[in-house]
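The following pair of complexes shares a single chain, chain A, combined with chain B in the former and chain C in the latter.
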Partner chain A sequence: MENLNSTANEKIIQDLLPQKFGKSGKIWTGILVAFCLVGLFAYYRQLRYGLVVTSMRDYVSWGIYISNFVFFVAISLVGSLITAVFRLADVHWSTPLTRIAEIIAVAAIIFASLIIIVDMGSPERFYNLFIHGRLQSPIIWDVIVITTYFFISILLLYFPLLPDIQILIKYKEKSSKRLQKFYSFIGSFWKGTPAQFKLSEKAINILCITIIPVAFSIHTVTSWLFATTYRPGWDSTNFGAYFISGAFLVGAGGVVVAMYVFRKAYHLEKYITADHFEKMGRIVVLLALLYLYFNVNEYLVPAFKMKKSEEAHLNGLFTGEFAPLFWFAISVGMLIPIIILLFKKGRRPLPVFIAGIMVVVGAWFKRYLIVTPTLLHPFLPMTNVPDSYRHYFPSWEEWAIALGSLAGAMLVITILSRIFPIIPIQETITERHETAE
Partner chain B sequence: MKLLNKNILGLLSIIFFLSSYDALSQEAQKGDLNVSISYFINNNKIPYLLAKVKTKVDGKFKPVNAIPLNLFLDKDSAGTLIAKVVTNEKGEATAIIPASLKNQWSSSIKHTFLASFDGNKNYESAKADLTVGKAKILIDTTSDRKITATVFEMKDTSWTPVKGVELKIAVRRLDADLSVNETASFTTDSTGQATADFKRDSIPGDEKGNIILVAKIEDNDQYGNLLVEQTVPWGSKFIPVNNFDRRTLFATRDKTPIWLLFMAYSIVITVWGILISLVISIFKIKKIGEEIQA
Partner chain C sequence: MKQENNSRRDFLLTGLAAAGLAVGCSSKKNAFEAGAEEGIKASGKKVKLLSVDGEVIEVDEAFLKPVPALPAVSNSEARLGIGGKKFVMVIDLSRCKNLRKCQAACNHMHHVNPGQNWIKVDPMQEAEHTAPYWQPTTCMHCDEPPCVKVCPVDATFKRQDGIVLIDSDRCIGCRFCMAACPYSSRAFNWSAPDIPAEVAAQPYSCESSVPQKKGTVGKCDFCPDMARKGELPHCVQACPNGTFFFGDLNEDSVSNGSETFRFSELIKDKSGYRLMEDLGTKPSVYYLPPVNRNFPYESGLDNDTKEKK
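What follows is the complex of A and B.
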């Protein structure tokens, strides 16, 4: 029996150890690096010539950088959903998905922090937040909560990794010397003793409890950056809940996309099964319905009243210059995924993957629609501004930096999936044993 | 046909001539200016002049900006020049009587002020004059809140009380002066005095309750505009309510509300306390591992 177990364990380990990039992996990484380099060049131009290289002017002072920031913050919430909520609820089927969620969370929160510094123009202005920042400002709350969430996400990635690092060190031949040095540095002290497991389990449980309010705070505070500003479209008491529901949706969408890609790339069909897609499909459809509900609240109620001061903003979204994008975001980001995922056939891997992509793409444009159209319709229009200020289309530098940051986040996910097992090895072994018993 | 052409040509020539004549005549026509001078003396100190320049546009007087005026004392000569001034957008210009004219000012009990505009491409030249006698007001108050204003004029070499001068006794407010009681104006008696009872007891003063009383003669044909002030502690004390320096959500960083500081620091200390304890757990795990290795 023990021999059978050790053979099964060996099989799991061999299946789940990080694999070197194949040809497609190298091409994928090369494309991401290329996008990052173009983004860096665009950022160099922004540093050299100033924010004037962007299309942001007096009206639209928050463009796609801030849309991107809100998107990253939103998608980072997935770490708390998959890891913390499911773990506390004693949901075991999600175990193969936890590391994917944690890696996405870390990558997203890193680039959320970076893109906000990009938006400041000169990076040294970040220092001003500390020497002149006011605790009364939601921007300072955001800085505090993002830093905290970043640290928690790192810990939540690190603690469950410790047993896997022991395995990685044991299987030296599967990784380079440099990687072995790195593994030894971060986790050679893990011996898998009961005392270590006890401390680790306790720490993970504390993290899972802590990360939920912090995750709620991070996105609520991000929503307050808008909601505490008296502007059409932002002046809402509902914004915190609206943002959090949207964040959970895009996070879950991101996970199903990553699940599908990793499953295909690393041949993980035995571990990330069709049942996982079925269950994640149900979660995504529930979250999409919830987010749709909040959208109905956010748009239908103001549209019913149609206050004079909000009329231009709402009409711009429903039938005006932003209408194609608005209806695209609503239909692609919510309605079509709901229709796909409501049916059992729609919850098979490929349709779930397609629905996941739609959710993520729709979510990015939805963030753009939350940020930019409002800025074009202030309660008090500015006088004596050039007509071009009344419209906004990002410059190539903005596109390059935004796409570069998205590529950067995916590059971080790719690199972490190359270094660490994308499915927790030790937890999988333990769970298989528990199931067998 | 030829005759018709000739007639049309002739008619057009006449119309052209008339229209060009009209255009030329309009260009040559200059506007008329109305210049006036007012004399002021506040608190019996340095007198000054206010010159106003207006012109009639569509039947209404409108102020004229940038009109240069020469102001003279008694006669139009270089030695009696008070000032050269230019009107502002309200069509007004002011000038004090300079110290250089002190001897001339003291030599007479009446003076005539002259204002002259030499004319420019838009306006004809214009002049104005004003004659005033030297006068002053003294203000006095009693503990039962009576205000007495006495008007004097200079006769020969001494100040003599003047009877029958209309004046106002009021309290100075932000935009205008408020009469001290229901009587709008007062007239001096044979002793040159006018007395008013102060009936604005609850009127807000400054932080010490001080208010400023004024006695003033306005647009008097003989004396011009005279005004005298006196500060009295008859108002109610004004305690300013200023949120600028308080701990509010819109205050500076060093004035953060205590409740916000308490909440924010409590949350940050609690959460980071937990995180630090988790980092300590890593070191504990490490210690256990190292002990086994040893």
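What follows is the complex of A and C.
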């Protein structure tokens, strides 16, 4: 603790303490809250009138709620990648990014759970999952692993935060009374003794080891919601690995975007350096190539055979109704970012940021393409149904709820970055100390 | 109690039900007393009836009262199914001309939402140069039901008599079963069903699938409530061409109301098959190929154009 007094450490603390929202921060928060409110109003309508307010019907019985759910689960996997994998591999350059990754993971997994409840026709019977749950259903597996992942993620955010909370409490004048009360409530027991550090180190290690299989499970099980059915486009043994690789890609893309925004907003150029973007750029390009590999497996192998049941589905994606969206998702979500990031010049902060946005946007539409087109190509012809059953374009309520949930996740990230240091202070100090030696 | 129910059911199944029954045939005295209390006068016309004890009894026609509808079975009984039965359906494609009387009767009896159908009649053509035909599809009541496998709350279940039903009081509306069903036989109640208030107020019965509820899944139920009464499902009764045959695999017989066949012989003679056998779902619905047809395919087209208007 003695080095806390040195001027260098003082500077780090002053740089990294959470700051009050400026004007742009307030506007940003206001916009997010507005989106959430519109989403809530749309959900009120859905509760009142039923899922009829959506554009989902008997054939397309899963729409953008489910693709949004898959997106959230996917992006939440990044917590395990950046925090756990790098920590276990003793990679130190990623330390300033761990908290960003964990915050994204927590926000995304919260909204994954919420959006799946939104998709339920009878959400008031949610408790049936606990009193009548049947272990043979993949939905129950999902409930179990997502809940587990949620708690591990919260703990993995919380434990490394404790030394920082001690600092926050020490610098009383920097935060409001209410925040101080909150900090004391969640972290006043932490005194920073060697015994506590040892215990925390151990706990974090255990969490890092457990979160990896759980992270793999959440997204594999999510892929099984589709792969356990017979439908063309879902009936694939490739699905688990395909989903995991896509999840790591979109998660890394999300971190890159958040890195850039926080760096700009909080002037963290000294902590999130160009070198971080260079390294994250390499990771994103590796993950994008991996995801592209699984996409080739997923689409080109069945396309080579063109089985009758797959034919309509694949043609719809390659040249038909969904072709513009499909090629958009493939090129924007994978190909263009790969091209940008393969070049050294492309791995400077701004191009990496742009590639990150492309990855995230492409990934959202990719999830939509995984869920919906399959449902429009059932085995038996779509007969004796109104015309609205043969197409799907989300209603305003669905858009409002989906965008509201995305805004909600970003709001959680924003709020967490307001009350906690977005870069771990204690760890940064310790690491600088170690490198100095 | 259970014993009594069973004997009553057996009695009904003997076929006397249709005639209407005197109240409590086994205790003649009470029946007359009850009639006397209500001030019914004997008409003098006697009807011969078979009592549950096997006696032939004579009852005055005026004392005959229609049997009130059987009370719906309890949820736990509905989940078990009818003992000793294994229900099957045979659909003879050579007899279907897309009249969709089956559909209308089914929709009417189950109060299916307008626009949705539990029975569909698909225009089928396997390949460019093969013959088109009409294919009615119901729930296949699979022996390896993909929908039941994926249901997280046991709201859709398989009974010992082979029927797959839905408990709308338990369904959470996740629609996983709809994604899992390769036959697209399930329909979701996207809004509150458009049904008369007195129907909506009834307690839900898994066996009649009435009343449907907002935010839950519905589908063809093979009409087990009719089977308990010893009657054929609504679609079977409604088809004027006798396309649908319904029966019990254990008895090895199926009937469309006017003709009855030995199930195994019918399937053997006419090369019966099931849909999407390769998926391993083992449906309980068999199809007879559209050969020696009663109607040309084109005769069904009128119905399709009418629908579009």
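Here is the rule we use: the second predicted complex is superposed on the first by the 430 of 437 C-alpha atoms of A that agree within 3 Å, B and C clash if a C-alpha of one lies under 4 Å from a C-alpha of the other, contacts with A are read in each partner's own complex, and residues count from 1 in each chain.
Criterion: a residue touches a chain if its C-beta (ideal position, glycine included) is under 8 Å from a C-beta of that chain, and two chains touch if they have at least 3 such contacts.
Treat the numbers as computed from the prediction; the structure is a model and nothing was measured.
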I'd like to know which partner A:Phe126 touches here: chain B for first, chain C for second, both or neither. second
- For A:Phe189, select first, second, both or neither according to whether it touches chain B, chain C, the two together, or no partner. first
So, does A:Ser200 touch the first partner chain B, the second partner chain C, both, or neither?
first
Touching A:Tyr49, do we find chain B (first), chain C (second), both, or neither? second
Notebook entry, point to check: Is A:Thr229 in contact with chain B, with chain C, with both, or with neither (first, second, both, neither)?
Noted result: second
- Task: Based on the superposed arrangement, let me know which partner A:Arg134 touches: chain B (first), chain C (second), both, or neither?
- Result: both
**Asked** Looking at the overlay, does A:Ile152 come into contact with chain B only (first), chain C only (second), both, or neither?
**Response** first
Winner on chain A touched-residue count between chain B and chain C: chain C
Q) With the two structures laid over each other on chain A, which partner does A:Ala89 touch: chain B (first), chain C (second), both, or neither? A) neither
Residues on chain A touched by both chain B and chain C 132-134, 136
The chain C residues in contact with chain A across the complex are 100, 103, 115-117, 120-124, 137, 146, 149-155, 170-176, 178-180, 182-184, 186-192, 213-217, 275-276, 279, 307
Within the complex, chain A is touched by chain B residues 248-253, 256-257, 260-261, 264, 268, 271-272, 274-275, 277-279, 281-282, 284-286, 288-290, 292-293
Note: in the complex, chain A contacts chain C through residues 49-52, 54, 56-59, 61-62, 119-123, 125-126, 128-129, 132-134, 136-140, 143, 225-226, 228-231, 375, 378-386, 389
The residues of chain A that touch chain B in their complex are 132-136, 141, 144, 148, 151-152, 155, 158-159, 162, 188-191, 193, 195-196, 199-200, 202-203, 206-207, 210, 214
